[in-house]
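Chain IDs A, B, C, D, E and F follow the sequence of writing; residue 1 opens each chain.
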Amino acid sequence: MSMNNLGIVKRNITRADRAAVDDLSRFGAATVHEAMGRVGLMQPYLRPVYAGARSCGTAVTVLMHPGDNWMLHVVAEQIQDGDVVVAAVTADCTDGYFGDLLATSFRARGARGLIIDGGVRDVKDLTEMKFPVWSKAISAKGTVKATLGSVNVPVVCAGVAVNPGDVVVADDDGVVVVPAAVARQVAEAATLREASEADKRARLAVGVLGLDMYNMRPALEKAGLKYID
Amino acid sequence: MSMNNLGIVKRNITRADRAAVDDLSRFGAATVHEAMGRVGLMQPYLRPVYAGARSCGTAVTVLMHPGDNWMLHVVAEQIQDGDVVVAAVTADCTDGYFGDLLATSFRARGARGLIIDGGVRDVKDLTEMKFPVWSKAISAKGTVKATLGSVNVPVVCAGVAVNPGDVVVADDDGVVVVPAAVARQVAEAATLREASEADKRARLAVGVLGLDMYNMRPALEKAGLKYID
Amino acid sequence: MSMNNLGIVKRNITRADRAAVDDLSRFGAATVHEAMGRVGLMQPYLRPVYAGARSCGTAVTVLMHPGDNWMLHVVAEQIQDGDVVVAAVTADCTDGYFGDLLATSFRARGARGLIIDGGVRDVKDLTEMKFPVWSKAISAKGTVKATLGSVNVPVVCAGVAVNPGDVVVADDDGVVVVPAAVARQVAEAATLREASEADKRARLAVGVLGLDMYNMRPALEKAGLKYID
Amino acid sequence: MSMNNLGIVKRNITRADRAAVDDLSRFGAATVHEAMGRVGLMQPYLRPVYAGARSCGTAVTVLMHPGDNWMLHVVAEQIQDGDVVVAAVTADCTDGYFGDLLATSFRARGARGLIIDGGVRDVKDLTEMKFPVWSKAISAKGTVKATLGSVNVPVVCAGVAVNPGDVVVADDDGVVVVPAAVARQVAEAATLREASEADKRARLAVGVLGLDMYNMRPALEKAGLKYID
Amino acid sequence: MSMNNLGIVKRNITRADRAAVDDLSRFGAATVHEAMGRVGLMQPYLRPVYAGARSCGTAVTVLMHPGDNWMLHVVAEQIQDGDVVVAAVTADCTDGYFGDLLATSFRARGARGLIIDGGVRDVKDLTEMKFPVWSKAISAKGTVKATLGSVNVPVVCAGVAVNPGDVVVADDDGVVVVPAAVARQVAEAATLREASEADKRARLAVGVLGLDMYNMRPALEKAGLKYID
Amino acid sequence: MSMNNLGIVKRNITRADRAAVDDLSRFGAATVHEAMGRVGLMQPYLRPVYAGARSCGTAVTVLMHPGDNWMLHVVAEQIQDGDVVVAAVTADCTDGYFGDLLATSFRARGARGLIIDGGVRDVKDLTEMKFPVWSKAISAKGTVKATLGSVNVPVVCAGVAVNPGDVVVADDDGVVVVPAAVARQVAEAATLREASEADKRARLAVGVLGLDMYNMRPALEKAGLKYID
């Protein structure tokens, strides 16, 4: 047994059930995050490189070192149709690990997007290609190809533990990771949650208060809320 | 007398003079901020959730705890037509306190926007609704409803003290707060300031230098500025 | 000899060769940065005030103090057609040093843009004018005109040393500075680099892997990369 | 009525009751903050310049501009024995506004410390003098004396509204502001709070659990906490 | 199967082999981190609350919500002699979750320290007690006890995935986590690494260069390093 | 002529006059920075790894890549007695580039300290050795040795341009760089400045106000300062 997972590429991973992924793809990150019980959300410093970016797919993971994007070429080979690449770095680094050439390659392999706890560049091209990327920074800074990382090992990306095959749901509000084993269950919870929202929205739109709709007044009073004039 | 204002909802507040608010609504945040003597500006980490957002109205205030948006439902009831909600938090927190349901409710009550020293979500919906929000972060992270804060008490939001009824002017450049008592006076100063800008712009556009237009050369020389070749 | 360059305006500077500047203007910041050997890039906290901003020109430099934009009026007189103003500050400050009036003046003098290690305002106007600005912050905060800085002295802006006359290339990916003496050489290297990219893109687009296109497999194997199932 | 308080020195302020200040001086910032109901705490980026710094006194306030410490000389004259100077800045700035000469002057006037939402220098001297300072940064960067601010006007310092005469309690844990009007009441609440802590500490020290001491088990169970093996 | 681990306390966890923990306790965080292959290090924003703090033990984990420290009381009961508490929060929050009372309780239960991705207070007491804590912030800000988290579930703390029973090694240089399954192996690698350091130190101390000691000159020359005069 | 300075080691550099360095070594960073006209100060995020650290010497410079400390071994050979190593990195990176082994080597070569725009580790050892280091971070994170940088080329470190041979003055207040050509002149200005401070301190200590000692009252009155009661 090795002490760590460096220098390893795992070829066979178990991806989340495709139907569950499809179901989850109908929801936004906020809905999925709530449906999971308010966990699984990456830190909000990850931002889409263009407004309106959306992605949902199964994670292939990659771990890199600061200023070194060698493993992005290695991970490209492991991408299957419907995957989202989740890239972690062993230390904070805003360098531009990824640009239009790699985006072209990833897309050709079937990738639906990239989540990277580092920087990217060529954002004008990425925007025109509509290749969705969530990153920590935008930087023209180039990287080297000198040190091994790993592919399809468990990683921590922007504060969330991601296993290969997990489902990634990302939009303007952020990136949420759904463990493969609960993908179906979360999709069901999200469906229920969303179903109730349309009705709530309609009532709020005509001036009904959340205080009444959610019956909050008794709890607020019990907590001691005082109205004064 | 209580030690603090927690757990209180003040229902009757004195809003700034409506005509003064209307006058101020014609100006941008930078102009108003200058007209006040360069004070009253919230910290620049507050950013609009979509480009081109603009808002001007009277503040209803709310104080919340980290990760708890209960009081946003309480403040909704206190909104009157023409108000802007100013939400402060007792400690730094980027959680998504506010989304499309609350925006629907706030708008139905007459709110013109939200200023929040925290995070928001559903930014795609907010953008489509054109409900203007200035926030510290965008985050899908959900919040709980467990602890009392207060409504319509004086708060500090993004570095500025805000009293209920003050005027809030917000655009792409930031958020400025005008105390209700000086709203008319500031509107007048802003009018004067803006009047002189069109002429200045025209002169600068044909190549006149600010050095000459503002007669800066004598002061620069006196300060010791040296031109060398 | 003076101890520092404060209070000095240098009128005659040697600008980079115009033809080289024109050549460089065809490339993005990432390409130029790579062509230089991965140096010369300003820190990624500098961001364009609107998406799609692009600029390339010769640097006129200005050094200011926190909260004081007096020298921006002084530098305006030194702008020649094709210049980009590079503004440094002696300490971190997000104040809005620059807005639509100065942009009007700079443009009238021939400026192609502004790079500022501080804040700017009137971003709606700047966007409509299409006057490209890269800044550290957007802030309506006004500044004073009280303390001398200098114009056309060497400065450090966002982590890069800039000499008057150097070439500045800026786009969505960031800002890179090319010393005047190597502008032609860098333009040639960029041309070579770009030439090879179209072919690479085409091959990647049909699914060829970077692993094979760049012949990375032997080096990865030598470094010890292991494939497991 | 003026639009703002710039350029004003208020000489006569009402300081909090001295006996209440003396009472509060026996407690730490955390205890006082809790006794107030968990409000009034400045943001935690304010740190003491040396470990073990403690201060308690009545606030004299000063508002300055970025990079300009002129008003620190003006506020010195308004210091009375037992005061703590609270210095706000109209925008973020880490410059070193304060050093050993001003500390010497402040101490000679009776000041018990400085709270500054900016930088300070001469920290070795301040440490040797045991003049307690809480600041946002340590920086040798000098400032100018060019622009008026104000003295003894309401300010916002590190996120908290401070009125002249309020009580400031500061130690290693941070800085809390007690409005003058509730100083006595808060001192009493702090006394009660502290009284109960010694007993609690003794019980915890012998292994009693907070779960039992605070009778938390029923509430945890009601909330749904599950123990598994 | 549940979608998440919220509201769960796992009582029986498998702790890393005690002898391996004892072995690891002889090394610093840097040595252990290197011995593992340069992985497992928490982000460097975690700092000890006093200089010279050191700790090594088995992780009991706790997951909390922003501004809510209820679960710290729950985790106290699960502490065994030789444990280190590792506390994660579902979103960034600098509140002071932990102070001298909890430290007293944790110590009484056998805890060797606390690693918390949040704030702590009473740092003077913690320093005097020599209870070692690594935190993201120091803040007097109090927390509530309102929302369930979990105990002894896998967490991500400051960028590292931690499982209950893993070994935590912390000192002035940071915090490193060693998975329980490789603790012995890492201890052996650290022993080898440390053994070679004494000899290296002695040689460097008499002026031998790393260039020669590590035989770097050929590789540098091959990489193209040029010496000029 | 090469486009950049990567892969170069310059062996012969002109160090500032030793007598001037000795003179400057008597002053703190704040005094020297003021004597230069308030320029030359590195950004305040650089902090000494132990309180009371002081250093003054001639700069040997090194430029590295993120996560790669190879060139620190190269620079060691170029150190002469009385030098201070100034280490820049081509992008932000907090990795621990330097520890006790390199400190032992640097000291053996005659180095008086290290200024690094990155992280360091083994801070307990550095503190015990009293080897003064100013860094951006403390991190146990290890680095690789894979990519060439340069030695004794001009660098930008923490916002300041440094040429080999310049004088570095560093203490608790920060790090200031004095160009070699003006070292003597700055030393003289610092001497004059310091001479006047003792007298000022004595007068302030007995209660004389800066307002009077510096004759500020007329300028304040002219600027419009108003005293109110």
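Operating definition for what follows: a contact is a pair of C-beta atoms (placed from the backbone, for glycine too) under 8 Å apart; a residue touches a chain by one contact, two chains touch by 3 or more.
The model shown is predicted, which means the values in this text are computed figures rather than measured ones.
Q: On the document's contact criterion, could you list the chains that touch chain D and likewise touch chain E?
A: B, F
Q: More than half of B-E's contact pairs recur, by residue number, in one of C-F, A-F or D-E. Which one?
A: The chain pair with the recurring interface is A-F.
Q: Need the CA-centroid distance for the pair chain C / chain D, whole Å please.
A: Each chain reduced to its C-alpha mean, chain C and chain D end up 42 Å apart.
Q: Taking the mean of the CA coordinates per chain, how far is chain A from chain B in Å?
A: 32
Q: Which residue numbers or ranges of chain E touch two or more of the other chains?
A: Residues 38, 41, 90-92, 94, 139, 141, 147 of chain E each touch two or more of the other chains.
Q: So which chains end up touching which?
A: Those chain pairs which touch are A-B, A-C, A-E, A-F, B-C, B-D, B-E, C-D, C-F, D-E, D-F, E-F.
Q: Over in the complex, which chain E residues touch chain F? Could you list them?
A: Against chain F, chain E makes touches at 28-30, 33-34, 38, 41, 44, 47, 51-52, 171-174, 176, 197, 200-201, 204-211, 214, 216, 220, 223-229.
Q: Once bound in the complex, which stretches of chain E touch chain B?
A: Touch residues, chain E against chain B: 65-68, 90-95, 139, 141, 144, 146-147.
Q: Please name which positions on chain D make contact with chain B in the complex.
A: 1-6, 35-41, 43, 90-92, 154, 156, 159-161, 181-182, 185-186, 189
Q: Under the stated contact criterion, what part of chain F meets chain E in this complex?
A: It is residues 7-12, 50, 70, 73-74, 76-77, 94, 96, 99-102, 104-105, 107-109, 119, 121-124, 127, 137-142, 145, 147-148 of chain F that touch chain E.
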